[in-house]
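Chains here go by letter, A, B and C, matching the order in which they are written, and residues are numbered from 1 within each.
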Amino acid sequence: MGSGVALKIDGLAVHYRDFQALRDISLEAKEGQIVSVIGANGAGKSTLLRSISGILIPSAGTIDFFGERINGLAPHETVSRGLSMVPEGRHIFPRLTVHENLLMGCYTPKSRSQRRRVLDKIFHLFPVLEARRDQMGNTLSGGEQQMLAIGRALMSEPRVILCDEISLGLAPVVIKGIYKELKSINEEGITIVLVEQDIKRSLKAAHYAYVLLQGRVVLHGEPSALREEEVRKAYFGV
Amino acid sequence: MSKIIHKSSWYLLALVLVVLGTAPAWASQYLVFFCLLCCVYLAMSQAWNLLIGFSGLFSLGQPVFIGLAGYTVAVSTNYFGLSAWTGLLLGALVCLLFALFMSLFIFRVTGIYYGIITLIFPESLLLLFSNWEYVKYAQGMFIKPPHTVSITEIYYAAFFIGFGALALVYFILRSNVGLGLMAMRDNEDVASTMGVETFRLKVYCFLLSALVTGFAGGIYYIFLVFIQPQEAFSIAWSVKLIFIVIIGGIGTIEGPIVGTFIYVFLSQYLADYFSVSMIILGAIAIAVILLAPKGITGTLQEKLKFRSLLPRRE
Amino acid sequence: MQDLIQPIINGILLGGLYAVIAIGLSTIMGIVKVMNFAHGDMMILCSYLSLAFVTFLGVSPFLAFFVIIPLMYFIGYAYQRFLLNRVLGLEMDPPLIVAFGVSIILQNVLLLAFTPDARTLMTSIGLQTITVSRHLQIPVNYLIDFLIGLAVIVCLYYFFQKSFLGRAIRAASDDEMAAKLMGVNSKVTYARAMGIATMTAGIAGILVGMTFTFYPFTGSQYLFVAFGVAIIAGLGSMRGTFVAGITLAVAQLLGGHFLGPGYQMISGHMVLLIVLLVKPKGIFGTV
């Protein structure tokens, strides 16, 4: 693991008009870690990721990316700094082919020049994508779409990937495979922020975990140090 | 505060009603003309506001009804010797039927296409009437009813349709239909899942606006005595309606009232310059949409937090 | 039967032009989801600008392609970036009103600047015809329109398939949020897409000017042509747009042949309305 702090969030607050979705969130992801953010529906997990990537503008607080302040930046500005997101629901481009979807992943000028090399890497990581290279995105199965979404996020060779509920709607055996890939991606030094509803799996994969409830961090620590009972209580707000 | 504004707007409205209602008695001929135009545009703009502000229908087809009503009056009086008012009623009927016909096409497509599809109709009718011998091609027709209609008669017809349209829209919005409309405007999909029959509502609104616009247009031409296709079916009508409703405030009842007065006032200065007036109206409408999209009354309502002519039950 | 060959062949050639007229409108409808009322008027604006250019410099209209068309890109870019982008959002009406307003302003500015007289960019080459047989004479300007139109469509096709910007435009029209996450600046990308659409409108405008006469309100006529083609084609298919262009043109010319030249435009409108009744999503629609 690297020694730097990849992502540091301090006192983050996010509002949807009058509704406060996130309150005083403080979170840290060290370089090379897998950090889990767990919580029930509506806890604010997706809101958190969207604020980091720039889709939402926080109303208060700061987000530092490798020491650089990025809160308030537009998505295309965070991407060019090495931040990638696999959005909830995958959001692959349905009328673009698998190949074109991946090419969109390296849209930023910096990553464009590397595309052939990185494309080979992704196809190596997810051979099924190479097999379906010229098929339209919307003809892929759920698991394949998820792999495509992750592969696409990797095309820009990011330093940090935000994964929003990547196991949603997938069969357990498929999820197992994806988590295996996630691990090998992380072993190359990429920091991963993993947002999940599935407590067990994400705790197993993570180096550090945060539990969100109604927009607040209510529990955090290394998974080995957290008792399952504690986590469950925090998750449900008991 | 809002109670005071609420009360005073009703007084203001009553004042306007009295002033306009008695205009032929005290006003000069020129002023009567001014007031008549206000009434006509008031009716048309309330009708159009019902479509765009409350039903989400960007219709550029209103000139169809203005022209059809006007021509029905012209044909009935010239060729069949009917009175102007009979012609007007027939005109309204023709508009209703044509609106039904248009509905076949308009509501088949998604909202993004309403504008251009509704635009096809006045453009086509313009071409057809300009090439039609029966209505004397593009030279136009004079409207000569068997007994001449007095200015006072025409004026009160206009007054009736103008404030009638206002009252009609007010009561519609207060009713269950109105609730459905506003729900539809806010979120059509959600509204339909809640049982609002969006398709039927849209058609009703469209038919109603066709009727009102037809009446107003017919009265306008009874007054003007002369009708030509390039004026009757002209896109200029839509430009004026857009200006009135946008500057007044989309989706408010007060908006078209304010907008009408501003427009009729402005048009006196722009009377001789057609192109310049189109450019100015268009530019102002764009500027208002960009900078103060809710128009005068909408912005005022937002800032002062009130609704003067509250269409909803308290 | 044999005297139908002329209008049909004319229709096929004219269809190429119609496809170019339509493609800009169709693209913008699919991407930015706005009905650009000003599309036809942008075309005619370019016809007038080329006219001024040709008149003042005394050069051939073909040169206008190289000078005026790049200008059209910036006009379209500015239009999207500074006007339309500001009102894109949840409500559908403001962009329509802005587009309609720009259309009216353009028409009347052209009217004031150039008077309502009919103008043309016709060249002497264009007026010639190639005689194929007793029943068939191919007008050279229709042929030029067809060839240039085909070239434009093919170039656009490759642009959207192979280039990064083209792909980004397609991605943004599929899923704007996901495209943003890829680093696509949607505001700038939409402006570029409008710039390209306006360039094609400009090319169409010059072609129209070289083939027919035009005056300030011709834009509306061609807006309906563009819209007609777009509806018949359905959104999202280049090939469909080309075929739809030919379909509409042939329908118009056959209508004019059977009913009289004054009914040419109306025949087109009729076909449009019929397609709307029968297949509202278009014949080739992929959306």
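Here, contacts are C-beta pairs under 8 Å (C-beta built on N, C-alpha and C of every residue); 3 or more make two chains touch, one makes a residue touch a chain.
Here the structure is a predicted model, which means the values were calculated and not measured.
Chains touching both subunit B and subunit C: none.
Chain centres here are means of the Cα atoms, and by that rule the chain farthest away from subunit A is B. Counting C-beta pairs in contact, the chain pair with the largest number is B-C. Closest to the protein's overall CA centre, chain by chain, comes C.
Mean C-alpha positions place subunit B and subunit C at a centre distance of 32 Å.
Between the CA-based centres of subunit A and subunit C the separation comes to 43 Å, rounded to the whole angstrom. Inter-chain spacing, taken between the CA centroids of subunit A and subunit B, is 53 Å. Subunit C contributes residues 29, 33-35, 37, 83, 86-87, 92-94, 96-98, 100-102, 104-105, 107-109, 111-112, 220, 223-224, 227, 231, 262, 265-266, 269, 272-273, 276-277, 280 to its touches with subunit B in the complex. On the side of subunit B, the complex with subunit C involves touching residues 52, 56, 58, 60, 104-105, 108-109, 111-113, 115-117, 120, 123-124, 127-128, 131, 235, 238-239, 242, 246, 250, 274-276, 278-279, 281-283, 285-286, 289-290, 293. Interface of subunit C with subunit A (complex): residues 164, 167-168, 170-171, 174-175, 177-185, 236, 286. Put simply, subunit A touches subunit C in their complex at residues 53-55, 74-76, 79-80, 84-85, 87, 91-96, 100, 103-105, 107-108, 112, 152, 156.
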